[in-house]
Structures are given as C-alpha cells and as structure tokens.
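First up is the structure itself, then whatever we jot down about it.
So that you can tell them apart, the chains are marked A, B, C and D in the order they are listed, and the count of residues begins at 1 in each.
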Amino acid sequence: MDVSEWVRRSAGALEQERDRLNRLDADIGDGDHGANMARGFTAVVARLDGAAADSSSAALRTVGMTLLSTVGGAAGPLYGSLFIALAGATRAREPDAAVWADALDAAVAAVQRRGKAEPGDKTMVDALIPARDALRAAVDDGKPLAEALAASADAAEEGARATIPLLARKGRASYLGERSIGHQDPGATSTALLLRALAGSWDETTA
Amino acid sequence: MDVSEWVRRSAGALEQERDRLNRLDADIGDGDHGANMARGFTAVVARLDGAAADSSSAALRTVGMTLLSTVGGAAGPLYGSLFIALAGATRAREPDAAVWADALDAAVAAVQRRGKAEPGDKTMVDALIPARDALRAAVDDGKPLAEALAASADAAEEGARATIPLLARKGRASYLGERSIGHQDPGATSTALLLRALAGSWDETTA
Amino acid sequence: MKKLINDPEAVVREALEGVAAAHGDRLRVSHDPAFVARADAPVSGKVGILSGGGSGHEPLHGGFVGRGMLDVACPGAVFTSPTPDQMLAATQAVDGGAGVLHIVKNYTGDVMNFETAAELAAAEGSEVESVLVDDDVAVQDSTYTAGRRGVGATVLVEKLAGAAAEEGRSLAEVAAIARRVDEQARSMGMALTSCTVPHVGSPTFELADDEMEIGIGIHGEPGRERVRLEPADAIVDRLLEPILSDLPFNSGDRVLAFVNGMGGTPLIELYVVYRRVAQVLSERGLTIERNLVGNFITSLEMAGTSITLLKLDDELVRLWDAPVDTTALRWGV
Amino acid sequence: MKKLINDPEAVVREALEGVAAAHGDRLRVSHDPAFVARADAPVSGKVGILSGGGSGHEPLHGGFVGRGMLDVACPGAVFTSPTPDQMLAATQAVDGGAGVLHIVKNYTGDVMNFETAAELAAAEGSEVESVLVDDDVAVQDSTYTAGRRGVGATVLVEKLAGAAAEEGRSLAEVAAIARRVDEQARSMGMALTSCTVPHVGSPTFELADDEMEIGIGIHGEPGRERVRLEPADAIVDRLLEPILSDLPFNSGDRVLAFVNGMGGTPLIELYVVYRRVAQVLSERGLTIERNLVGNFITSLEMAGTSITLLKLDDELVRLWDAPVDTTALRWGV
C-alpha cells in the first residue's frame, strides 16, 4: 500500500469538503469538524513528506500520532487510535487484502474502545462497521483488492448517509436529543472520505 | 408668574420632543439630551407638586437645585445655574416684565460663567442671548408681557435654528470640528422649548 | 467577522505570545506544544493541577495559572480540545513528585484527549488522577448522552483543588475535593447573541432580535429552549429554578453564588443579574456566603450569563478564602 | 436592544443594589444620592480620593473603590455625568480631615458638575482639589474645543493617586502626582462595533461590516477617521503612532503599557493586541516596566480596544506596585 498517497488524497478530499463538514458539524455540533480534519491531514502530509517511513506500519503510526496532536476535539483521539491500531496490525508484514481486513477490524475495535460508541449511536462507527464488514466479505469472496476497497468505501458512504435518521447518543450531537435527527453525522462522513481516498490510492499494481 | 405651570408645560414639551432632542444630540454629541432634560423636568414637576413654594423665587430655586441633581451631563449644571440665577434676581419681589428682563440677564450671565461659552460657539447661549435681547427690547418698548415673552421665545427659536451652520467650540460637539457644521444644537433647541413654554404660561392676567 | 486578530488560524498562538510578553514574570509559556505554566513549576512535593480545553473561554484557563490555583493550562484551538501531546508535556512540566490532577470538562473530545494523555503520562511515570466537571443542568444526564457539560463549576473546581494542593494535600485528597465541588455545584447559562469562531468566520447560531437561548453551552451549543426575550429578573428565575431543584439546594444551605458573563455582556448587567440571584436565594432561605461576579468562563464575545451555585461547607469556605495569585483571580497575597 | 436588564431607567440603581448585595463586606453603597464608598471611609488623616462619571464604563469607577485606590465613586446615569449633590455627599463621606481629591475626566458635563460640587463642598468646609484627566490624543487639544477627553489614563491616575494617598501624602502632593500621571500619559482607542445606551435603545452609531472607527471616545463619540477594517497589528500601529509622537515617548523611556478592552472584545484578542504593542515598543527602544491588560474602562458592550502609555519613573513604579484591594484591581494584599 502507499500510505503517502492515501494521506495526500485524503488531505485533498478533506480540504475540498472542509466547508461541508463544518456545516454538517454546525447542524448538530460545533461546526469545526472540517477545520479539524483539514488541519490534521495537512500536518500529516507535511510530516510524511519530511521523513520517508520504512514501512507502511511506521507511516501509519506517524499518521496516528500526528492526528492525535493536531486534530483535537473528539475526532483527534478517535482517528489517532484508528491509525495507531492500523499500524499495530500491519507491523509484522506489508499489508495485503487479508492483512488489511484484519487491520481494519482492529482499528474499529480501537475506536470503539476509546469512544464507547455502539452501532446506531450516530458516529463515525456507523461508517466504520459497514466498511469493515464489506471489506471482509469482499476479501472472503476473493474479490480483487481494488474492488474490495471500493466496496468498503461504498459501504462507508452508505453508512454515513444512514446516520441521517438516527438519534445521536455520543459526542456533542447527543446534547440535542431529538433535534439531532435528520442530519448526517460529520465524523461518519469524513470516515467515508478517507476510505474512498484509500480505494483510489491502492490496487494490486501498487500493493 | 406661575412657575408650576411653566414647569409643567416644559415637562410636557420635553417629553414630546425627547426623541428629537436625543437625535439632535446623537448627531453631534452622545444622544442623551432629550432623556436628560425629560428626566430632570419630570423630577422638577414631582418636587413642586410635593411642596407648594412661598414665592416664584423659591420655586425657581427648587427648579434649579432639582435640575442640578437630576439632569447630569453638561445641561444639568448649566440649566441649574440658570434657574438659581433667576431665583436670585426675583428674590426681592414677585417678577413683572421689567424684573424678568433683569432676571434673564443675570441668568444668561450665570450660564456663561459656568460654561464659558461665547455667542457663536453653538450652544444654548446662542438661543439665550437673542431671547434675552428680544425680551429687553420688547419691555423697553412697553409691549404687553405676553407679547414680550412670545418675542423672546421667537428669538430663541431663531437662535437655535441659526446654530445649524455654526462650528461647535464648546461641549462634546466641539470634538467633531468641521463635522459639527450642519446640525442644530440640542441645548439651544431645549432652551427655545422652555422659553416657548414660559410664554404660554404667563400673561398679565396671571402675572 | 469583526475581530482584533491577524490570521484566524494564528489567534491562539499570537495571544499566547501576548501572554508571554505581558506576564513573563509569573508565567512560562511553551508554544510547541502549547501550555502556560507557573514560572516556578514544578513545585516540589505539591500536587500539580492541570486544566485545559478549547481556547475562547478566557480568562479560563490560562488566567487561572498561579499560586493557589492551576500549575498549568493547556489551550486548544478555539472551542476545540487540546491534544494529548500538550497534556503530556504539561503534566511532566508540573509534576513535582506528588502526582498531577487533570481537570477535564465533560465533552467527548476533552475526555478522550485527556484519557489518551493520562495513559501516555502514566506510561512515562507520572501519577495522574482525572476529575470530570459536569455541572450543566441544561443537559439531561442520561446513559444515552455524553452526559452533562462542564461549565461554570470548572472555575470553582480549579480554585478549590488548587487551594487544597497548595495546602500540601495528597493527590487522592485533592481529587476528592475536586469531585466534591463538582457534585455540589450546578449551573445553567443563557445567550442573548451568538459568538463567531475566528476560523469559522460566521456566527455559530442565529437568534432573532427578540429571542434568547436558554441553557446555552459555552461553545454556543443549542440549549434547552429558544424563547422570547424577557427582563433580567425573569431570566434569572428561569436559570435558577432548574439549578435549585436539581441538587437540590434546600433552605438553610450555605452557598457560593457565581454570576458569570459570557464575554459580551457588560459588568453593569451582571450586577443586575446578581441582584436578583441574591433576592431569590434569600427568599428560598439560602445563605450566600461567598460570591463571584464577572467574566470568568466566556464564549468569546457572546452576550449572556450563566449562574453557578455551589453548596459550601467549612472546608470549602476555607479553601475558597485561601490565597490565590493569578492574573484573573487574586486575593490574600 | 438585547440586554440583561429590567427597566432601562433603573439599570444603574439595580446594578448598585447588586454591588451592595455582592460586596457589602467591603463597600458601602448609598442610593440617594448614589455613591459607592469604602466600607471603612472616612479614613482619618488620609486624603480621600473621589472619582466619578457616567455609568457604563465598569469596572470604572465603582470597581476601583478600596484600599490603595478610590475612597468613593459617584456613578451617573449611563454615559452621563453624575450630579453635584452626589459629589457633595460623597466628598463628605470620605473626608477624613486631610481633604478630598476629585478626579475628573475632561468632558464639559463632568467638569461643570464637579466644579459646582467643589464650590458647594468648599462652602460646607471640605478642602477639595480637582484634577482633570485629558489623555486622548484622538482629539485636538486647542482653545477652540473642550480639550482632550479623559480616557484610559483615568485608571492609572486613580491607582497612583490612591497609592499616594494611602502612603499618607498631603492633598497637594497627591494632586501633584495625579497631574503628573495625566501629563505623562497618552491614549487612543478604536471601535469595531457600536454600543447601545439602555435608555436610548438603539446603537449610538452605525459601522459597516468592513469598517472601524479610529479614535473613538468612551461614550461612542466619533473619532478621527472611519476606515476599512485591518488586521490587529496594523490597528495597533495606527493607535501607537499618534500616542508615541505626542508626548513624545523616546527611546530609553520606561513605560507602563495598558491595553484596555472596550467591553465586547474577548480577552484573547486583547493579548493579540498586547503582543504587537510589546513588539513595537521594543523596536522603538522603550522598556515596558509594567503592564495592564483587560477590560477596565469600557463602553458597555462596544467591541474595540484602547492603548494607554504612561512614562514611568521610580516613584510611579513604586506607587503602581503598592497594594491595591478593589474588586477589579487587586494585588499586594
């Protein structure tokens, strides 16, 4: 995999969607999710550009540590945990499809450990779990990597859209109670952006 | 003369013109002249209603002391001085036209002593001096009191209007320099209101 | 957006440079990672008191760093939690060997960043205890939400825990006092106007000229209800009722009454508010033994107020009266 | 108009009731006539320090009453000078036999009311000296105007004269120090937004979203010029230039730098302002020996800032550092 490329595409997508993510967050939170994510990934790109990592795992760890120290808010420690867990699960060898499916498994578990969100709580977990499951299913079916990642990204987008009717039970949005219904969760939306960027940055030829 | 009646009419006129005086003051000052004068004369009416004065002089002194303690700003000590001087000049006997002309003389002098404004400085002095001079002229001509007071009020109104092209040299408006030109002075305007109220409250039959 | 700033992204950094220039004699400002510490930190043998949160609530927290209150404050971006690397460095900067208390306002972001930092600090050998502040009665406390928000009581927890630490109490004791203060304090706020986050550039919410938001959060989060503007006395009654009935505060209780400004409300109005608070509490048979009136935990330039009541006992009164020497709160020194 | 008030005409009275409720231990509040005095006034043998002016500038003046600063403050209606009866009663309330200093901001109304009061007080046997504060360089000082306005330096005059009185200096000496402070201080302010006087109900002036008023007075009086909004650093440069060149302040001078908020500007922005002030003064070779940053002389909820520089000498530094114990300014106690 090409972590640098993934991160660059993510940074580009986040910069482009920054205002939309801010607006989604303004509806049910404090309006900063786009700014937080864009700031974090800009820092990540700079950090990775500065020092080439030895391995995907090392690069992923740098991503996680950088997000932890630059994103802030709820998203910082959650995405930080996610990337640090991906790093941990890919330490033994450069990831292929099967390794990556396990890694995403571990990453989702790390996010849930930190944030204690269950499916249906209207958080990024609602994009992550379908993405994880779709990836696993595609890999089990022996689908090519690019196809599996695309299916995973599709599922994340679907999951993000499916947060609209949910009532938030975690994070800032939960303060709104019923008023949180009818809005798409910004964190689930950024998760889908990241997974779409991954699908665009990694296929067999680059794997 | 009927100080109570004068004061009641003044209070009524000031209440009615309150917003206009505020607006005039907002143009070249701090927008409170109407509020200050209305507050002061409301207090004066209440004070005079509470305890009937023995003489016009005593009533005028109460007016002056009450204005001093309720109007504040520049207008308070100036109108306070004016009424206290009127009281002093009418102490010897109940005023007739001649006494009143002398009293207005003394009152204008007191205002100029306190405020150090010269004619043309764009202050209440620019209404007071023409009013004083018109009253003196009418009395010297042997005009009836009502006519003399009306002429004095006319002159005050004229004087107030004539402040429009002036450049302010005293009070808050002077900070504006050239920008003070083109606006009517609020204090000159309230002076004209008071003198018009006087003309309406005092004629030979009540004198 | 009308603000006295240069670059919206640089506000916090430039303000910290200003703090360093103004108060270099009493504060040590670190920029990367960002924290503001007592110049004499670490104080050997004393429990270190660390607080932090998004910027934009000034003087909270940096204005409360000094003897008798905080040892260090970690400022995040405006209205955004600071990050674990800041907290870790700050913890180490004030660890005088007796451990460090983390005072955390109960927001998901703050909680998770502080949790991460506490794990990192423990791994590097600092003893850390964390205390959550969650005093806002505007928000339902339920297992189905992130729980109540930390608002006005944060100032009181910082002062009282800081005083306990200064007395030489142990980390467990200081943490217990901080938790007691949080348990015995209740707050509620309201807004007349919104605020504008510099890097957002437009108001966080819209309020019509005749509307106010009751139960507002310190980041401009929507509150309980949006209602017609009312006179100050009626507003105070609206805020006090849920506060009084929640703990509940009862006749005979001794309290500290804290009337806080949201930033854009003049002091003269806060005293109009305090007047009514004193009236109502006296009618209810409560005794205001201590009070605090002013802008202490703000939301940038938002106009509005919050009221916090803390049930007092002799120990808390003594800790409140203990010397405090910070830029924003100072007495007995 | 969105304000935390009940009756616009009762704001000052109700705020004073709030002050009495909150600070009855340290302040004595008289309502009719209105003044706020030290609870222990008159202090026998000490020169009494009286200041006063329109309300709406809080904490000035009531927040500066206490040991080491004012003995008594006379609040007028909002933005309107107090009246001679208040000043007379206040003078008598704090006359401890060594005379009373009247600190008067140079506005026609204040000057005439204080003059009247001084005549009345002298007639009733109090020795009174008056000091005019007129530090605002935005206004031309000429015999054809009412002269320069009193703004930020008022806070410094009150502190330094208060300290001199506390040292037991004579009325003439205290007055001389107050005059020296006024002579050596220069200020200039600016506004980003207007304020609304409660009994007026609408904004004092209008500013477009991209405009600011340079040289604004503390009552929202128009300033020198209305210009396009600029970054904070450029604004500071605009304010500092006329201040520095007026006295003039020269390389090598020791100064006190006071960055004041107009009321609606968050503290975080004031520190961004202070940062630039420190940069510029250092480039000019001036040494900032003391500073003050915060909302001390405000214009209700106006957003904006003013900068005051005071040329220091050893005596003024000593008087600045002397203990002060008021609700708004406190150290050394």
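Some observations on this one:
In this text, a contact is a pair of C-beta atoms (placed from the backbone, for glycine too) under 8 Å apart; a residue touches a chain by one contact, two chains touch by 3 or more.
Here is each chain with its UniProt name: C, D = Dihydroxyacetone kinase subunit DhaK.
Since we're looking at a predicted model, the values are computed, not measured.
The chains other than subunit D, kept in their positions, cluster through touching into A, C | B. Comparing the centres of all chains, each the average of its CA atoms, the largest separation from subunit C belongs to B. Per-chain Cα centroids separate subunit A from subunit B by 77 Å.
Centres computed as Cα averages put subunit B at a distance of 32 Å from subunit D. Separating the CA-averaged centres of subunit A and subunit D is a span of 55 Å. Annotation for subunit D: no residues touch 2 or more other chains. Contact with two or more other chains is made by no residue of subunit A. Taken as a contact graph, the chains are arranged in an open line, each linked only to its neighbours along the path. All chain pairs that count as touching, in label order, are A-C, B-D, C-D. Per the touch definition, subunit B reaches subunit D in the complex via residues 22, 26, 29-32, 35-36, 39, 68-78, 80-81, 114-115, 169-172, 174-177, 179. Interface of subunit C with subunit A (complex): residues 33, 54, 76-77, 79-86, 107-109, 112-113, 115-116, 139-140, 144-146, 149, 197, 199-200, 204, 217, 219-222.
Taken together, the subunit C residues at the contact with subunit D in this complex read 2-7, 11-12, 14-19, 21-22, 55-56, 58-59, 63, 78, 192-193, 209, 212, 229, 231-233, 235, 263-275, 278, 288, 291, 293, 295, 298, 300-301, 303-305, 330-333.
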